[in-house]
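Take a look at these structures.
You will see subunit A twice below: alongside subunit B first, and alongside subunit C after that.
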Partner chain A sequence: MKLSAMVERRIIYLVLLVAVALPLLFPIGWKTEVSGYTQMAYDLIENTPEGKVVIISFDYDPSTMTELQPMGEAMIEHAFKRDQKIITTALWPMGVQMAEQAFDKVLRDYPDKKRGVDYVNLGYKVGGMVTIQAMGRDMKEVYPKDTRNTPYEEIPLLANTRRLKDVAWVSSLSSGVPGLKEWMMVARDSYNVPVTGGCTAVSAPGFFPYVNEQRQLTGLLGGLKAASEYESLIGRLGTATTKMDAQSVAHLLILIFIALGNIKVFVAKRRKSND
Partner chain B sequence: MKSTAPLFFAFIVGVIVLLSEFIPHSPFNQIVSTLEGWFMIISGFAILLGQISLIRMNTHKIVHKLDNWQYHLAGLISFGLMLTLGLLWGMQETPGILGDAPGIQAWLGQKPFDYLFDNAYLPLSATLFSLLAFFIASAAYRAFIIRGLESNLLMITAIIVIIGRTSIGTMLTGWLPENLQFWHFPNLADFIMEFPNTAAQRAILISAGLGIVGSSLRIILGIERSYLGGDK
Partner chain C sequence: MISIMNTFGIWLAAFFTLCIFSFLYKDNPFYKFAEQVFVGLSAAYWLVYIIYSIMVPNLFAKLADDFSGNIILLIPAALGLMMLMRIHPKTQWVSRYPIAIMVGTTAGISMLRYMKSDILQQLTATMINPFAAATTAEVIGNLLMIIGTICGVYFFYFSKKQEGVSKAVSKVGIWFLMVSFGATFGYTVMARISLLIGRLDFLLGDWLHLIK
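Presenting the complex of A and B:
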């Protein structure tokens, strides 16, 4: 029986839909191994002393939240666990809401953490790399108020944080430009502040060269797998862990599709040569 | 004058910023700091310009009933709705012109802007990105065909990375003894990412870096003028 390309495509879509939906509805609980890149990012936060001020920049929008939001939540939780003070910023306009949602979720387990004392959301600022450069000189000039209109000087967490050099580490969760690369070029290369971060799985290969001996990036979380690895490191059963089952099944299915496609071409060639 | 002035400013600003990287002292650091402030202000205006352009383009398509004009109408209505709701009642903790809308908040559970953001924009946006998975699956079936040595290599690499980046890879070769751990799928995938991938990426990055230096110099020296618009 010969199927048209349209029918074949519809079958593929249907099978993939079922294959992704089933593990989400009935989690399998497969384990993942922690890669060196994830471990490095974890160690940076783990080894930073309590009370230090850190920056997590939400440089993405809802389109990539499936991969990046679990990283944001896990990093916030880890920093809270280590009693570090979190500043969130956004180089993408929607990043502000992403940060708020991440805080809302994590704060359910940390009700004692106070806005302005333990964490603050400074919001979105246009300008990309230039904004980070300006933060290197004077953060108050770039962010005179937080997202709730509280003036910079009235936020207790920021009392001793005047410029980028005053933060212990920066993490950029990035799905494009501006994002992780810009933070690395300014915060790490110009001000020597350790930079780590996360990105989507497709853009991870482009960032691996920066995880080098010069520590331009101190570790990297690449995609959902890394997010689930990070969750396992901090002992959190988050969304990445449950979604990883679905991703694993989808990857397996793609391999099966590749094999089927090749078999189909092989059979067609053979038939043609026989004719 | 219309094209000479921007070229002149681009040259002066470019040279100052370039020099400030090598001479991080007065007066260059102050000038660069001021220029950064200007850049952020101009970028802010660029957002406004983008919004005006969006309204103009969409209105043109709707008025002239060009192809798919209905989608442009939907886009324009969505834009206007979110803008209006945000202006009237604000978002999250920030009040709007009419305050915080406690009545609407009691009914919806949150502000109208936040309600639409969480329940419309967010799932729609994530859905669009998720559709990629379907296209990739379909493309894998149709296009990922072994045709020669290069495609064979590509296929083997892809299979190792795909398996190595999932929980299945961990299960398949997790039983391997310590001295054969290199052949464990996740380790193989990491090896490919760390060495061949990084080597190729570095080559691309260095080439791109040189290209950026070249094109920046062309802009500073006024050779490259396409950013001014027009045909030249």
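Presenting the complex of A and C:
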């Protein structure tokens, strides 16, 4: 029986849908190996002394939250565990809500952490690279108030944080421009503040060259797999870990499809040459 | 009330997700409807967001609170108004000035940054002693990085006919490029599957409550 290309495509979609759905319903529990890039990002946060102020920038919107939200939650939890003070910012408008959602989730396990003392959400600012540059000179000028309209000088966490240089590290969770690259270009390459971060799997190959001898990026989390690696490093059973089974099964299936496709082409060519 | 609205929101999101998924079978009115709603909503959302989160706090509120202290803001305000002149064909030429300022400023700021981060720092990161690494795997990695960079860059050198040794170097460059394309494709697949996982997680978990 010969199937048309359209029917074949529909079968592939259906099989893929089932292959992704089944591990979500019945988790397998496959383990993932921690990569060097994730370990570097983890070590940066782990080795930063307690009480230091850090920035996590939520530079994405809901379209990429499957990959980036688990990273944000894991990094917030790790910083809380190490008793670091977190400033969240956003170079994307909806990043503000993403940060709030991440805090809401993590704070269930850390009810003693207080807004303004242990963490603060400074919100969204337009401008990308120029905004980060201005933060290097005077953060209060860029963010006169937090998202709850509390003036900068009345937030205890920010008492000794005037410029970007007063921050121990910056992490940008980024799904495009402006995002991680802008933070690296300004915060790391101009103000020498260590920068790490996470990005969607699509953009990860473009960022890997920056994890180099110059430490332009101190580690990188690329996609859902890296998010699950980070969760395993901090001992958290988060959403990325539970979704990795589905990811692995889907990859396996795609490999099988690619092999089948190649065999089909090979057989067709052979048949043609025999004729 | 909040619970009802929440449930309604979840059903609405599930409906639109299924509408978009229906395109996998074939183009249909449900998909078109979801697509148009998305475009309209996005445009409306951005318009409101720009007014209330960018224009009001950064311009209007500051000028209303302390006009003389923020008089410098009249410059970007004027440039913004000049940009709006594009709407009318007869005054369209006025918008060229703010566009020229934007292009010039962006190019000036970006040129220095990109020069430093993408050229100088990247070159410096390649100028390393490959044998200074701690493990054999790292030494091999360093060597591959140096060879890959040189051969990859050489592949794009078109001022000399590539023959003999230069052809071999160029060929190695192509191989490295092919490997990088393969890795990029792998990561792209991973990202697309992640999107599917996100939607199915929503449908099976938040909507159908099948995932505990």
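Here are some notes:
Following the convention adopted for this analysis, the second predicted complex is superposed on the first by the 275 of 275 C-alpha atoms of A that agree within 3 Å, B and C clash if a C-alpha of one lies under 4 Å from a C-alpha of the other, contacts with A are read in each partner's own complex, and residues count from 1 in each chain.
As a convention for this text, a contact is a pair of C-beta atoms (placed from the backbone, for glycine too) under 8 Å apart; a residue touches a chain by one contact, two chains touch by 3 or more.
Predicted model only: the values in this text are computed from it and were never measured.
With the C-alpha superposition on subunit A as described, subunit C and subunit B clash in the combined arrangement.
In the superposition on chain A, A:K225 makes contact with both subunit B and subunit C.
Contacts of A:S4 after superposition: neither subunit B nor subunit C is touched. Of the two partner chains, subunit C is the only one that A:D189 touches; subunit B does not reach it. Shared-chain residue A:N274: touches no atom of subunit B or subunit C. In the superposition on chain A, A:A21 makes contact with subunit C only, while subunit B stays out of contact range. Judged by the number of subunit A residues each one touches, B leads among subunit B and subunit C.
Contacts of A:T66 after superposition: both subunit B and subunit C are touched. Shared-chain residue A:Q216: touches subunit C; no touch with subunit B. By the touch criterion defined above, A:V130 reaches both subunit B and subunit C. Touch criterion not met for A:N160: it reaches neither subunit B nor subunit C.
Common to the subunit B and subunit C interfaces on subunit A are residues 13, 16-17, 20, 63, 65-66, 126, 130, 133, 201, 204-205, 209, 223, 225, 247, 250-251, 254. Those residues of subunit A that touch subunit B in the shared complex are 5, 8-9, 12-13, 16-17, 20, 30-33, 35-36, 61-66, 97, 100, 125-127, 130-131, 133-134, 137, 141-142, 147-149, 201, 204-206, 208-209, 223, 225, 244-245, 247-248, 250-255, 257-258, 260-262, 265. Residues 24-25, 49, 53-54, 58, 109-110, 113-114, 116-117, 121-122, 124-125, 128, 180, 183-184, 187-191, 193-198, 200-201, 204-205, 210-211 of subunit C touch subunit A in their complex. Of all the residues in subunit A, the ones that touch subunit C in their complex are 10, 13, 16-17, 20-21, 24-25, 63, 65-67, 93, 124, 126, 129-130, 133, 181, 184-186, 189-190, 200-202, 204-205, 209-210, 212-214, 216, 222-225, 239, 243, 246-247, 250-251, 254. Residues 33, 36-37, 39-40, 43-44, 46-47, 92-94, 114, 117, 121-122, 125-126, 128-130, 133-134, 136-138, 140-146, 155, 158-159, 162-163, 165-168, 170-171, 186, 190, 193-194, 197-198, 201-202, 205 of subunit B touch subunit A in their complex.
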